[in-house]
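Okay, so chain A shows up in both of these, paired with chain B first and chain C after.
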Partner chain A sequence: MDIIQFLLDLLFSEAVFVPLIFPGLLTLTVVIVVIIWFERKLAAKVQLRYGPLYVFKPLGGIVQLVADLVKFLFAELIVPKGADKRAFLLSPVILFTFSVAPVVAIPLSSGYAAVKSDLTLLIVPALLTLAPIFVLILGWSSDNKFSFIGGLREGYMMMAYETTMFVAVLAMAVTYSSLSLIDIAGKQSNGLWGIVLNPLAAFAFFVAMLMTTARFPFDVTEAESEIVIGPYTEYSGIYFGLCLGASYAKLYVLSLFFAVVFLGGWNPLIWPLNLNPILPGVAVLVKAFLVMLFCVFLRSVYPRFRIDQALQLGWHKLLALSVASVVLALVLIGLGFEVG
Partner chain B sequence: MSEERFLELLIGPQHPGSGHMKITAEMDGDIIVGFEPNIGYVHRAVEKIAETKTYMQIIPLVERPALPDTANHNLGYTLALEKLLGIEAPPRAQYLRTLLAEINRIHSHLYGIGIHGIFIGSSTMFMWAFADREPWMELAQQLTGARLTYSYMIPGGVRRNLPEGFKDNALKATRYMERRLKDYDKLFVHNPVTVARLRDVGILKKNLAARIGVVGPTLRASGISYDVRKIEPYCAYPHLDFDVVVREEGDSHARLLVRVEEILQSIRIIRQVLDEVPDGPVFLESYIKLLSPKIREEAEKTQIMRFPATFAALKPPKGEATSRVEAARGEVFYYIVSDGSPQPYRFRMVTPSFRNVVAFKYALLGRRLADIPAVYGSLDYFPPEADR
Partner chain C sequence: MKGAKTKGKPVVDVTGHLQAFGTGVKYLLQPRMTVRYPEVFQDFGPNYRGMLKLYTDRCISCTLCARICPSNAIKMYKTDARKYPGITYQRCIFCGFCADICPVDALEMSGVHDVAYAGLEEQVQKPEDFSKGPPIEKPPRKVKPMIDEKRGLRYERV
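Right, the complex of A and B next:
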């Protein structure tokens, strides 16, 4: 019996449970399956179509992506002749890993977090900045002009959105006078969420989030009619699946982050949520899911910007906006406004 | 190698944004410094095949190159053939021809708008436009029996009379389309992202457009009021009241707007045709006499003419004839030389896409890579039509 108890303890220990089960890999997989299904169903609704329907009809084709994944798994992986083989094969894996990795720094409740640090507000965006480098590498290693251009576009976009995102995060750090996500979520328990306190930072962060995850209207890295599918052009099979999954994983992580920083985290801590230290995480997940839903919905509303227009928006308007959000935060502090 | 400054980008023919065409773009960073559209990938030798077919067999043949716009090509060929034969269709047939030509213009423009939408990333516009072609194709099916390749206009008239209840359905479709155009406007045509992508992109100035000889909406968006329906009216157009849509800007957005407004003008024409269509025969009396009594009786009873096989060996007199028609993408020109045999001696068609393809070279220089699909869509270039 001791062994079973030991295994259970191990499973529910923060260091295992968070990265592997909730909100880590397992939850991520389910969320990706559901969000892609929602994305396609929403778009279909707007576009007067049915969307996915035939894979498991009683639930409206919700397992369509599972079928697609199985197909991806059995598809041949083609490595182009001129490709840098090692980089070509390794970078999608590392890209996906680094896209999911920041999830460990996101706390589920005040007592349950894998990374016990006072700097989690910085750890999440810091880990995320590693991922785009591998998009650059895989675009370069494919030996294809479209992949190369796509990789470069990702590089340009990275510079445009990261600055904005970091400055917006800085504004929130000033607003809450804390760099710990647990503290920040705790300080929103009075119902005054981050999005109300500093709407400028929330908006700047949200748009930067759309840019980094290549959602419309900032779909420039994967612009189909221009550069086929950007950096992933030469990939096939499950590696292609990994590349696409990485962008959704990033969206997932950023939405969780957005939910904790701007949407009150696990607050309000109502009845069934306060029974167990893991359960408040469900509230975070639900909020994050709604954010994701909004992000993917934009696909049916907007065409895509040109790269120079997206960059201009990033550098000229968003950066100014995020700087303004820092000023706003300083004003709040200067007026003696105590949060939490 | 170190001296190479430009990146040569080969776009197509296997590329989601190229169509049946190979584009060679010289890129200086993100800027296009050289642009060479390479056409001919879907050349089917329509002109040469036509020399081996009888005159009636050419009717379905000329529709094939321009599938979204079959009625106008059909009409152009029929008008040229009628000139050669020295006949003219009765007034009711002229109105019905105009009706089908305008229905076709609407769904061809919708096709162009949809493709333009997906090219700059709006999948919703693509789906909407393609879904809204449906009522028009249904109408055409009621009128002609076919959804796309109508072969409706034959020398001497049209194959079928107006069916029962057609007017109500057509008016319903026009009202639906007007409603939908308002939705398009909100979601796509004046969406801020669309405007940012298309305005001041791919400008063709007035004198340049005239010099390189582009036609159709592309020309009219550059500020030149040129429309064969007004300049050399044919069929029922001289009796109808409609405007030639002209815009001064000459950019991609202007070309999109011209197409949208032309849909409204076509709706206007369709309404007038439905009100004013005269009574009478839809096929030339002197030709009806040539039909066998059985077919004649059947045609009178059902108002549907079976494709007159009697004319399989139609032999126009020696001579040549030309015709011009304003198709959806611009002016289409037909030239037939007859040597008195059942096949034409020489057959020539000049299609609007073929005349517009040159605009790529001028509109895209100095623009960015991402502007290629934006301009491509705005020209509504249809490769099979250009290649014939």
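Right, the complex of A and C next:
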């Protein structure tokens, strides 16, 4: 009995439960499967057709992505002749790892977080900045012009969105005068969510989030109609799945972050949520899922911006907007507005 | 760079973005326009030709069908002292000449055109296969396309 108790304690300890089960890898896999299905279904519905249907018909083909994943697993992995083999094989794995890694910094409730630090607001964007470097590396190592162009485009986009995103995060840090996500979510318990306090920062962060994860209308990196699928052109099999999964993992992590910082985290803490320290995380997940749903809905609404348009939007408009959000936060603090 | 300046509408055009969302939501709530094809089937009307079926008991072995066939899809096979037609769907162009010329109505157009075969050999049918007609597993629900003034295309049950 002692061993079972020990294993259960180990499983439900923060350092294991958060990265591996909820909201880590296991939940991530389920969410990716469901969100890609939703993306295809929404796009199909907007175009007045059915979308995936025949894999598990009672639920409208929801296991389509599992079937795709199995297909990816059995597909042959081809390494191009001129490719830098080591970089080619390692970078998708590291890219996916760094896209998922920031999930450890997301708190599930005021007492349940894997990383007990006062700087979790910084850890999430800091870990996410590592991922685009590997997109550049895998674009270069494939020895293919489309991959290379895609990698360079990712580089350009990275310059455009990261500044905006960090300045927006800075605005929220100033607004709440805290760098801890637990503090920030706690300060929103009065119903004044971040999106109400600083809508400019929320909007700038949201658009930067779309740019980071290559959602429409900013999918200039992948641009199927121009450069095949951008940096991932030469990949096949499960490595291709990892590359595509990385952008969805990023979307998932950033949506969780958005839910905690701008959408009140686990607040309001209503009845079934306050029974257990893990349950408030469900509220965060639901909010994040709604954000993701909106992001994938954009695929059926927008065409693609040209790269110069996307960069212009990033540097000219969004950066100005995020700086304005910092000013707004300073004004709020200067007027003696006490948050939380 | 010459193309750097955005021509036409600006990138930040708030009404344009809102209009795009509005259109997306509007179409999201509209009923679908396509039909679930293998289960729901578009009715082509009584004059649609399709694949053939042979009635061996009516056939008088006159070989007219094999002679009229413009693509040489019908060939006569000798079975117990008489000859009966067989068909190759690799060649058939569904013109319906054979059914028209048959003096005893031994050939019938079934109105089914969408049968999948596992191999090319299965498409060469001897009289005994030919007389079974095209395989229809489950009769599909039939619909008829209608022109709707508001939506354009609409399907109605037959």
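Simple rule for what comes next: the second predicted complex is superposed on the first by the 340 of 340 C-alpha atoms of A that agree within 3 Å, B and C clash if a C-alpha of one lies under 4 Å from a C-alpha of the other, contacts with A are read in each partner's own complex, and residues count from 1 in each chain.
FYI, a contact is a pair of C-beta atoms (placed from the backbone, for glycine too) under 8 Å apart; a residue touches a chain by one contact, two chains touch by 3 or more.
Given the structure is predicted, the values throughout are model-derived calculations rather than measurements.
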| item | value |
| --- | --- |
| Chain B versus chain C as contact partner of A:Val46, first or second or both or neither | both |
| Which superposed partner A:Ser300 touches (first chain B, second chain C, both, neither) | both |
| First, second, both or neither for A:Lys317, with chain B first and chain C second | second |
| First, second, both or neither for A:Leu59, with chain B first and chain C second | neither |
| Which superposed partner A:Asp219 touches (first chain B, second chain C, both, neither) | first |
| Partner chain(s) touched by A:Val228 [first = chain B, second = chain C, both, neither] | first |
| Touched partner set for A:Ile3, first chain B, second chain C, both or neither | neither |
| Greater residue coverage of chain A in the superposed arrangement, chain B or chain C | B |
| Contact residues of chain A, present in both the chain B and the chain C interface | 46-49, 300-302, 305, 308-309 |
| Chain A-touching residues of chain C, taken from the complex the two chains share | 1, 3-4, 6, 11-12, 20-21, 23-24, 27-28, 30-34, 36 |
| List of chain A residues in touch with chain C within their complex | 42, 45-50, 53, 297, 300-302, 305, 308-309, 312-313, 317 |
| Of all residues in chain A, those that touch chain B in their complex | 43, 46-49, 145, 149, 216-217, 219-220, 223-228, 299-309 |
| Interface residues, chain B side, partner chain A - complex | 7, 9-10, 15-17, 30, 117-125, 127-128, 131, 187-188, 191, 193-194, 196-197, 368-373 |
